[in-house]
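What follows is chain A paired twice: with chain B in the first complex and chain C in the second.
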Partner chain A sequence: MSEEELQSSESQAQPMWRIVLVQFLEHKAGVVGIGLIAALALIALFAPVFSMILGQEPNISSIQNRYLAPFEKPATVAVDMEIEVENFIEENEDTLEGLADRILKSDILSSSEVREAGGDPEEVLFILMEKRNEEGVREKVSNNDLSDFESVIYPPKTAGRPHILGTDEVGRDILIRLIYGTRISLTVGLAVAILSGLIGLLIGSLAGYYGGVWDGMLMRVTDSMLALPLIPVLIILAAIDFNSLPLIGGFFIGGSSESVAKIIVILCSFSWMTAARLVRGSVLTVRNREYVLAAKTMGARDFRMIIQHITPNVVAPLLVAITLGVGNAILFESALSFLGLGIQPPIASWGNMLTNAQELIHEAPLLAILPGSLIFIVVICFNFVGDALQGAIDPKSIKR
Partner chain B sequence: MGSFILRRIFQTLVVTFILSFCCYYLLTLMPGDPIDILISSNPNFTIEDAERLKRLYGADKSVMERYANWLSSAVKGNFGYSRVYRVPVADLIGPRLMNTFILSMAALSLSLSIGIPIGVLVALRKGSKVDYSVNFLSFAGISIPSFFLGILLILCFSVYWKVFPAGGTETIDANLHGFAYVLDRLKYLVLPVLSLTAMQTAYYIRYTRSSMIDTMHMDFIKTARAKGLRNSIVIARHGLRNALIPVVTIVALSLSTLFSGAVITETLFSYQGVGKLVFDSISGNDFNVAMVSFIITIGMVLVMNLAADILYAYLDPRIEYK
Partner chain C sequence: MSANTDTILDVASLKKYFPVRRGLLLRHVADVKAVDDVSFSVRKGETLGLVGESGCGKSTLGRTIVRLYDPTDGSIHFKGENLDALDRSDLRELRKDFQMIFQDPYSSLNPRMTVASIVQEPLDIHNVGTAAERKEWVRELFTKVGLKPETMNRYPHEFSGGQRQRISIARAIALKPALIVADEPVSALDVSIQAQILNLLRNLQKEMGITYVFISHDLSVIEHFCDEVAVMYLGKIVEIAPREELFANPKHPYTQALIRAIPVPGDGKKTNRETLEGEVPSPINPPSGCPFHPRCPVKIEDCSQRVPALLPLNNTTNHQVSCHLYSN
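Let's look at the complex of A and B:
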């Protein structure tokens, strides 16, 4: 930069966000981190699209295709088809007679086969299943409007697609489970970090603004909670049945995502303390500034004081704390899920994908390495972004 | 100072007491009543028997009454029996506590002896390539989940190169004595200690580095240099000694993370310590054991925090205590 340029950039005041952005971009690891996080977030957002493209579902298991190596084609076994037809019969008991009638009228089956079936609709379906690969049968089936049964005996080609990263111990596709796991892990991480940031903001600003007894009480609680060994506490909380808790028990109505909501609540209630202390510290430094006193003299209410005059001063450090909190939340979620107390199967999360990986380390080392590496990468990305933000926001480190 | 210590001790006791009640209450909410489990394992029990048993064990009383009963017998040193191991809880906890203590201390001393020298070194070469790569590595150490690191270690050192056992505390039925016994225990300690050490070391490097950098910018360092002291003396006697004050408190506080991490590490490596006991007893509905092991874990952490506060007050007389 030449002398003139330097002078002109000095004379022009730059907006805060511009300074922060320029500083942030200088932290290479932080930039790479935010890029990776954005990519993963996009993948998580479009998980169903990936599921369609790959032709795989996260929770479909197949006993014949356990521990497939990456790119290995799954085996299609006749037993599979029989089970499928049986399932179809069970599901469509009331319309079965009509379907069998249509098949009988459609001359797909020869008269000897019809006699063999003896009018039993289930038997008719099984005979058709066995005949499905004979010449011309497929056309006749599709010509005769048997579409619901057709999809059973001629499963869509996607079911035989190769598993790009192989399959796990019950034959589920690893890649699509990792993609859906990204959803869960990022959701839990972001939700916990943002919610606990808000709780911290509330408690920290109450303690810092009102001071005195409030401050003493709230900070005593904060310090005591900060001193607890987190994992044992989280294990106990994760092991209890939330429905039997008074007050909040009513909000926990079963369902498949119950364990996700539970883990968010548990992690939130033990990760707001850092934010609270940070906010309190920032509030204490601005509480007696002139502009705050001026606002007070003009008769501003407490609520307005906190929201409009004090909160903007703590946003920057809080943002850093939230960013770093995401990484921590993901770590704790995966640790709990790893121990079997967090996200419950069949929902895929990186942590619970690792649960069985330890016992299977001889058969399928990849099963352990992939989800673990993803946790590691995401957490380190959030830590780098947090570090970069901290450097960018901290006025001491601003160089220009 | 004296009143400060007394007040902190009192505070620690109160917190432990409150937590023990919270824990007792939460454990009653766990699915699976001990008596229901007992009954379901034996079809010959009648409903009357169940009622009688519940009355006998006091399970029909309110939580408060049960907690009061538990507390009064716990104070006398009677922690009840373990449902799973069928021995008094006190007998179970002793050796487990020792194992956890060995594991934590080994991890702590290893991470201190690696972390502090490296931290000082990179602080003195701030901005160099070494600094950047150590910084990157310490970020990695903080970000890697301990259980994943543990799995990787098992994969490397027990599956691929069969150097160390994948889990356990000592070779069962080996009947070793003296040096051979110590060696055997050490063999089982290596992997758990390594997986616990990674994160701790990373923290120590970061703390020592930033504390050392701050200290080296202080005026008294300039004075020392102006006096013409040798560089090594400036660093060791003036820089390091002051830089280590905040690190000391971190050491005491990090025992909390060590105990936390020990739960996962011990479970992963099936190392017979208190951490594994916490996990096993909670997943196995072993009420008495869960209660005691949890309180011991919490109690030790709180005592360490207390020690950190007192130590800090002693080391840094600039801090005022009201």
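Let's look at the complex of A and C:
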């Protein structure tokens, strides 16, 4: 065989990521999961665009439009009467002269009522507006020469944009709040999972690589953290005002996203332990694998050992742990927010949308069902993705 | 034995203890004496077999020779150089000349690298030749160990155990080393594959003049493959002799027991062979005197009192044995 023939008959090296991708695609549930997550992430990313398209804002409440059914249009656009009247008077000062007389003539108000107003056109208008819904008043207004005032006494009814999924207990649009809630919940979930994965990687590899006293100390800390009853501790921590703490208070993010930053910090500090144990375990195993020993006998330097041999075989399981951790973090965020200790209103998160829903579960079940099923779907999706990833990156499971 | 010109490896009173640490402060409470005062030497181009039960320290000895472990005491001279006296970069340079083949063909290859890059790794580490030359040499190595070069861009999981061991061998010979420590290279393989791998190792030895330290618990493999055999028990060499001498004329009671235990093909009838009783004692707390005396069928009073030295049997042979029965 000539050199050329040898070259052509040689199969091209498949990069590891392609093998992993092909393996991953074989896991149907994982593919569906990552598709749904990607769709939700895109929607969350473009939340302001959706807000524009739907013509709804997540934090605008409207008392008149509480508990609207899906697709119901809001009855009236809320108008501040006083401001409207003042503006009208300012613009039409000349026509106001003789208003009281004209009203008396039209027989809408009695003379005593006009006298009560003291001839002040503003007062007269208010009294007129109070009576606007009485029988026959509207006809009297338009039949007598009061039609100039019709527009202010009877503001045109401008029907608002429909609320596709209805409104909540303060008249906020549920759909846009769900979209903004997705933003918060996914951010918190991903940030917590990734950050705690990194903390775990640091602590686990220190413990695994250096061993001895370091290992003993770090792992005992890890064990103690795991032994803490999580929910009570999280509740206590969530009640602390981080901004008032010495040292970290000064650096802590304040303002409207404070509660988001706070919950990320709290959840991170209690979810790195599994990752740390996992990484320590992998480092210990990999360090004594024969291929690492072989590299050592060949005279490989530390850098090559870490980059080529140890890291890939430690990061792979960590990646799976991080993916599975996202679901967990979302659940914990929801639980804390549900208890009123996580994301603070008016910022929407799936958890705090559930809080108010519980009281009206019979009257307005959608309020609970929608955020609840989003949590359920996303968590299960992340679990499927983690499962698929686990199968895909484990070289032992690679089929021929 | 003194270091003459054709001695390539000379190990003198080598000790490797692993500390046992207990408690919160990891106090040093004891030592596992995995290799305890071992001396031997190997001539260039020959094969020394190290044989013993599992846990006797033969793998530790092998790993200490290739400096995966730092010895606790004693010295290793390789090609006349004291490995202990070398600084890091000199030792790294000398590592080209001695390599290791491991037992488990499944964990000795990084699952995330193609086999070509695995075989090429020693060349990369020591910056041998240009990229094209390396590739060419890797291809040649594949042919040398009986693998198709077309398969070199695959991953280890696509190969069988025997093929993987061939890949390990290709990696070990990539830098044309003078010495290879083979730690149970065939014990994880089927018997039919074992013979193929042993023949491959032997052919490479003839072709490249490689010296082997061959570790095995299987006496029949040792008998087939080695020029000289050292029998280890509890971290010590109890008997060392040329192969024919050892198998024809075993002196130490432990060696005799091992040889008696080799299965012989027969008519299926049970034979009444004497076998060893008891367990290997703990290397943390070895028995006094001769480490073998609790299990020895022919022990005398001296055995539990004094540690026997490894002494030549007589002046004419290089058969050494460490037993009080022969010390007079």
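In the analysis below, the second predicted complex is superposed on the first by the 280 of 400 C-alpha atoms of A that agree within 3 Å, B and C clash if a C-alpha of one lies under 4 Å from a C-alpha of the other, contacts with A are read in each partner's own complex, and residues count from 1 in each chain.
Everything below uses one rule, namely that a residue touches a chain if its C-beta (ideal position, glycine included) is under 8 Å from a C-beta of that chain, and two chains touch if they have at least 3 such contacts.
Being a predicted model, the structure only gives us computed values, none of them experimental.
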Practice prompt. Return first, second, both or neither, reflecting whether A:P365 touches chain B, chain C, both chains, or no partner chain.
Written response: first
Worksheet item: Regarding the shared-chain residue A:I89, is it in contact with chain B (first), chain C (second), both, or neither?
Response: neither
Discussion item. Per the contact definition in the header, classify A:L319: touching chain B only (first), chain C only (second), both, or neither.
Written reply: neither
Item to complete: Tell me which partner A:E290 touches in the superposition: chain B (first), chain C (second), both or neither.
Response: second
Worksheet item: Is A:M16 in contact with chain B, with chain C, with both, or with neither (first, second, both, neither)?
Response: second
Practice prompt. Classify the contacts of A:V213 with the two partner chains as first (chain B alone), second (chain C alone), both, or neither.
Written response: second
Item to complete: Could you tell me if A:V32 is touching chain B, chain C, both of them or neither one (first, second, both, neither)?
Response: neither
Worksheet entry | chain B versus chain C as contact partner of A:A227, first or second or both or neither | first
Item to complete: With both structures superposed, pick whichever of chain B and chain C touches the larger number of chain A residues.
Response: B
Response to the item:
chain A partner, complex, touching residues on chain B are 11, 15, 19, 23, 26-27, 29-31, 136, 139-140, 142-148, 151-152, 154-155, 159, 253, 256-257, 259-261, 263-264, 267-268, 275, 278-279, 282-283, 290, 294, 297-298, 301-302, 305
Worksheet item: Which residues of chain A touch chain C in the complex?
Response: 6, 9-14, 16, 19, 212-213, 216, 289-291, 293-301, 304, 308-309, 312-313, 395-396, 398, 400
Worksheet, complete the sentence: As the complex stands, chain C meets chain A at residues 21, 24-26, 63, 66-68, 91-93, 95-96, 98-100, 102-104, 107-114, 116, 118, 121-122, 125-126, 139, 149-158, 168, 171, 175
Item to complete: Could you pull out which chain A residues touch chain B in their complex?
Response: 29, 220, 224, 227-233, 235-237, 239-241, 244-245, 327, 331, 334-335, 338-341, 354, 357-358, 361-362, 365, 368-369, 372-373, 375-376, 379-380, 383-384, 387
